[in-house]
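There are structures below to look over.
Shared between the two complexes below is chain A, which pairs with chain B and chain C, respectively.
Take a look at the complex of A and B:
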């Protein structure tokens, strides 16, 4: 009798643990969707702002100074590149025990002198991804509550100064097709479109994580049609 | 004290002054702009403009319209009016009218040279040139490799030839050299126009001196702001400022060493006519600077019509039309991008 009660209480504990795990997965998934939708809104507003700033620059500098016929057709290397990598994770699924999750890293204003690329920003993106994937957590809406994030940021500031100078030179060089003395409005438009690139890469990675979270929920027994896929 | 222009002006230029004053009455009013600002799409803009003097130029344009098409057709109207005045003008008014177009000629030369440097086709570059700045041998600009060849092969037979004496070098044309060439040519043009107007004397000299001095000062401020953070040295920047204007010479000395917008503001605010311009903006901001300058320019251009018997009305009319075309372009862009809330960021009302 006592043995039966012990077995029953163990069974109840296991079920409660599974239920909590399912709830955590569902909350994580909803959190990911929320951040994905926020990114889409941010993309739309930043893109609109960029196009209007470009129109404002044309209005300020004149239509003959900002026109598509001035774009350079000479062969030149890309100023910004993306790197797609795959991270392999173990899955409890019997169909595919090794799951490959793609991750995109953006390298802005890569310097291709001497055949070497400058991937300072890309390295930071990869480390963040590895930490997140090994220790999945609910998204925190107010990162300023965590001082360790701020300390890590300030320690990397000194190393990024030379990369900033290089990026500034590359930005100026890419705008030089419209002339060397361009309006601050054109620089603002360039900055907006640069932000759009970053958001697009974030969206792509977020979608990849959404698929990962959805697979996690399926493993927990939540049917795929509940997820709306 | 003016000469006796009232006795002799109308003999040669009375008809054209009447024509230009008639053209001025056709400029868009605040009511027209309010209607345009409420349009939902570019076809609505075309509909509203068809009730104005732009109607005949836009009525045959098929949908869907683009903002560049609207701007091109509005510019065609200005060109037709200018050519009508030029073919009726006698000296010295004809020379004065030609001076008005030299700025566009400089822009076209730089467009062709820059586009050729970027391996673009000459024909597509010619399509983008401003019609007021066209001249016969403009397509030949594409063969020049440096400024010496540019001058020797093409520009020696154009009105821009005298302006090249300060920038003839054998250095290859690159982005920085082209920019310096553009600004050096424009500086020489403004100074030459200023001297010409001074020679004409009377009300023309007085009013045009004020308008050209404002233009020179605005250019100096824009060059300073646009060169902040670039490779342009202080000496090179100083060389691009014109040798006349309210800011010359002490303001120019201070502008040459400015490193940010707030320093520029501190320099320019010492001059009362420009204090009101920067008073409209907050510190560190440059977004509204263009609009503030355009508003001040429009105010001065409208004042030119308050006097008679001078040539400045022709200059003022062309500049007011160009401002109107900029307004229509901005409104069209805001409507096309569905950002009508931002339409009043850059529209400058003329009346």
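Take a look at the complex of A and C:
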């Protein structure tokens, strides 16, 4: 009798634990949906800003100066690209405990011409480069004592300045399709659409997490729709 | 068990676009435009003269290319080829529906949110 009671209380404890776990999964899932919706809102408002700035640029520069007729159809590579890697997550499934999910990183204003390699890689955006170049330099009481350090520091500072220069060059090249002298509104539109790209990358990654969270709520195996994003 | 399909790792993959002129112009300003040696672009500007067949063919072409990681498509354009978009299930390239100037974002048409709605629907709950 006592044994039965003990077994029953263990069973109840296990069920409570499972119910708590399910509730946690559901909350996590709802949080993911909420942040996904916030990202979509942010995307809509940033896109609206970009369109407005583009319309203002068209108004100040003239309709004929910003049309698709002027778009460059000579062979050229994209300056802003995407890196796709797979992230491994632990799964409770015994069939496949290590789950792979795609993860996207944005690479802005990178140049692969002439084997130069990637200069403008930025996940967070342009601000990272601005921070690097604006950070105060380390003070050395006697710089001559540490020539290698000074050289290394100068070269890393040089590398970040070079990345900045490269990004600036690519931006100017993008704008030059519409003429040498462009309206500040066109530059602002360029900046807005760069922000849009960053938001889109976040949305893409959030969608894959949504799928993962949804899986935590499914009891009967992988539904057909989770194979996509 | 999130992905039974292989996830190819790609460096320097492209973003393809199927959208209206202003949206495409904006993204080209941001540096995503690519033209290959055959003068093929990674974007399609949809206007009044663009047919549904052209959009379908471009969508199929972009989703079959290995160097494209994301396909951006305006939601109103995606609605024209809804069957094709909904039946697409590969993880890469990812299809992202975006609002357009004249057609604001409609959450009811978002593929992820409609699937979430199904998950919380009475049918789905009754089945478990």
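Here is the rule we use: the second predicted complex is superposed on the first by the 147 of 229 C-alpha atoms of A that agree within 3 Å, B and C clash if a C-alpha of one lies under 4 Å from a C-alpha of the other, contacts with A are read in each partner's own complex, and residues count from 1 in each chain.
As a convention for this text, a residue touches a chain if its C-beta (ideal position, glycine included) is under 8 Å from a C-beta of that chain, and two chains touch if they have at least 3 such contacts.
All values reported here derive from a predicted model rather than from experimental measurement.
S.K.: Examine A:82 and indicate which partner it touches, taking first as chain B and second as chain C; both and neither are also allowed.
M.R.: After superposition on chain A, A:82 lies in contact with chain C alone.
S.K.: Kindly classify A:172 by the partners it touches after superposition: chain B alone (first), chain C alone (second), both, or neither?
M.R.: The first partner, chain B, only.
S.K.: Is chain A touched at more residues by chain B or by chain C?
M.R.: Partner touching more chain A residues in the overlay: C.
S.K.: Check whether A:51 is in contact with chain B, with chain C, with both or with neither, and answer first, second, both or neither.
M.R.: both
S.K.: Based on the superposed arrangement, let me know which partner A:74 touches: chain B (first), chain C (second), both, or neither?
M.R.: In the superposition, A:74 contacts both chain B and chain C.
S.K.: Look at A:183 in the shared chain and tell me whether it touches chain B only, chain C only, both, or neither; answer first, second, both or neither.
M.R.: first
S.K.: Tell me which partner A:63 touches in the superposition: chain B (first), chain C (second), both or neither.
M.R.: It touches chain B, and chain C stays clear.
S.K.: Looking at A:101 after the superposition, I want to know if it touches chain B, chain C, both of them or none. Which is it: first, second, both, neither?
M.R.: second
S.K.: Do any residues of chain A touch both chain B and chain C, and if so, which are they?
M.R.: Shared contact residues on chain A: 51, 55, 67, 71-74, 177.
S.K.: In the complex, go through chain A and note every residue touching chain C.
M.R.: Touch list, chain A to chain C: 33, 36-37, 40, 43-44, 47, 50-51, 54-55, 66-68, 71-86, 89, 91, 93, 95-96, 99-102, 104, 107-110, 112, 118, 170-171, 174-175, 177, 186, 189-190, 192-194, 196-197, 200, 203-204, 207-208, 210-212, 214-215, 217-222, 224-229.
S.K.: Which residues, counting only chain B, touch chain A once they are in their complex?
M.R.: 68, 71, 107-108, 111, 114-115, 118-120, 124-125, 127-130, 175-176, 178-179, 182-183, 222-223, 225-227, 229-232, 286-287, 290, 326, 329-330, 333-334, 337, 339, 342, 345-346
S.K.: Which positions of chain C touch chain A when the two form their complex?
M.R.: 1-5, 7-15, 21-37, 39, 41-42, 45, 69-70, 72, 88-92, 94-96, 98-99, 101, 104-105, 107, 110, 112-113, 115-116, 119, 127-128
S.K.: State the interface residues of chain A toward chain B in the complex, per the touch definition above.
M.R.: 48, 51-52, 55-56, 58-60, 62-65, 67, 69-74, 168, 172, 176-177, 179-185
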